[in-house]
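Pasting in a structure now, in structure tokens, and then I'll have a few things to ask.
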Amino acid sequence: MIPYIAWFDYAGVALFAATGALTASRKQLDIMGFFFLAILTGVGGGTVRDLILDVPVFWVQQQAYLVVCMATAVGVYFTAHLVESRYHVLLWLDAVALSVYAVVGAHKGLQLTGSPFVAIMTGAMTGTLGGILRDVLAGEPNAVTHKEIYITATVLGAASYVVMRMAGFPVFADAAIGGLVAFTARAGAIRFGWAMPPYRSRPGRPADMP
Amino acid sequence: MIPYIAWFDYAGVALFAATGALTASRKQLDIMGFFFLAILTGVGGGTVRDLILDVPVFWVQQQAYLVVCMATAVGVYFTAHLVESRYHVLLWLDAVALSVYAVVGAHKGLQLTGSPFVAIMTGAMTGTLGGILRDVLAGEPNAVTHKEIYITATVLGAASYVVMRMAGFPVFADAAIGGLVAFTARAGAIRFGWAMPPYRSRPGRPADMP
Amino acid sequence: MIPYIAWFDYAGVALFAATGALTASRKQLDIMGFFFLAILTGVGGGTVRDLILDVPVFWVQQQAYLVVCMATAVGVYFTAHLVESRYHVLLWLDAVALSVYAVVGAHKGLQLTGSPFVAIMTGAMTGTLGGILRDVLAGEPNAVTHKEIYITATVLGAASYVVMRMAGFPVFADAAIGGLVAFTARAGAIRFGWAMPPYRSRPGRPADMP
């Protein structure tokens, strides 16, 4: 893996792990609950991606990822009380994490299959599934039913990365732009409520009035 | 794959994708939510099946499946308001989808392992898991707790296909009969409330009365 | 696989299958619901473990596991009414199952990767995921949010097994001790409410009082 991307990868895992640990703190779990949710959220999306792409699961190969998740969990365990609104922090960490991870997922998908389409899929998948798993297991509403932009941000980020990559720009620029696009979309959603038009049921064909 | 079955496969994916998109319309999601639920429901069951059978995931190989899901999502997005009761349509589409997909799953399981037992498992799994994933993520009650026949329909359909296949009938007949059996069982459940006897706790061994 | 462990493995699958079937009985499902939850709970954790370790899924290779699940489901279907408190039985069966399965998972992880760290992960994963899947699909609160010791028990059991195994003790002793440690921890949780200190939000740094 290209070194830039490897850093992105560790950062994404740590950020998602932090959101898992914050969820554990909001649920008042014990330290093992922190570890569990940190690891599940941190490596969940990437694990599904690797299974689907039929490559060895990344954290079985590189156990440093698990150490990163656990260290993050410990860090959150001892510092979460210092922040004013843990929900707020969780929301923003999640935004950064999904931006980073959408790029990493797109990169891995493109490298392994050469297909831009699959790359966008693996980007979106990697960016969202960890958080969805976290929310389903913690019994919270998950990203699928978010009204504001969420999945869309990962798709935009992954697509930007893929387009720039195929246009031949250097990987670092592609990753930076991809991450920035995803983050901007999600940040707008959090800060200003950016949303795509929701589906609204329109009335059926009206009966002819006499 | 035998051509008949390939058609069944695309049909099953499209039908399940339509149920995902209809769920998105009932939840008033945006177009990306339609894509997400259409793809998840459309290819979810088959993805788990392929991972368990240790073959390449079908949609990574044939991206046309993703295109089918997305086209279906767009179609539903622009037409869902025309139908009277979207829930009704969802229920019946789901019935057709599980029938088709139980057969496809059984076919793939039988072809790859030669075991009728595993084939019935993969048939039932492929026919139900996409819908279960859809319902869990959308926060709706899932098939496991349905009172009327549901999982049973996929098992009957898959079993019929497997029995006829092993008896040497032509694949087209096997698939048609298998699909028909599953659909009949599920249709009876929707239309007439067909159900297998539920477990009822009976009183324990009564104490000897004096 | 070493014969002792193979017995543990079948026992773990049967015990988890029994908890799935008991959940089905509490939800008043039909016999197919019993089969579904018995199989899902019985082989779910091990299936995820095998996918992640990139080895053939155990029940595709050895269909006897499915037969064990189904036989257990039938047994529970016909006897569950005899027990006073099915919830109580479910709780204790689950405790034995997770103890047995934590050891089996750790054994398989250690054998395949040689890494004690991954072995503890696969032990904890195998011991908890089947039950978590069962609870999510049945719409019950899952292990992640348990206040008493649960995940911790599988981690302790798996870690004990791994430490003893690496210290060169005979496999039988390692497995027995590992299982006993896990069971003791979980039994204490059920019987005496053993719990690790939960995370409590402490007030932030107080403002200097004048």
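Note that the chains are named A, B and C in the order they appear, and that numbering of residues resets to 1 at the start of each chain.
The definition used in the following text is that a residue touches a chain if its C-beta (ideal position, glycine included) is under 8 Å from a C-beta of that chain, and two chains touch if they have at least 3 such contacts.
It should be emphasised that the depicted structure is a prediction, and the values quoted were computed from it without experimental measurement.
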Same or different residue numbers at the chain A/chain C copy interface, by half rule: different
Size of the rotation, in steps of 5 degrees, that lays the CA trace of chain A over chain B: 120
Rounded Å distance between chain A and chain C, as computed from the means of their C-alpha atoms: 28
Contacts with two or more other chains, residues of chain B listed in rising order: 51, 136
Chain B to chain C touching residues, read off their complex: 51-54, 113, 115, 117-118, 121, 124, 132, 136, 141-142, 144-145, 151-152, 155, 195-205
Chain A to chain C touching residues, read off their complex: 24-25, 27-37, 39, 47, 51, 56-57, 60, 63, 66, 77, 80-84, 86, 136-139
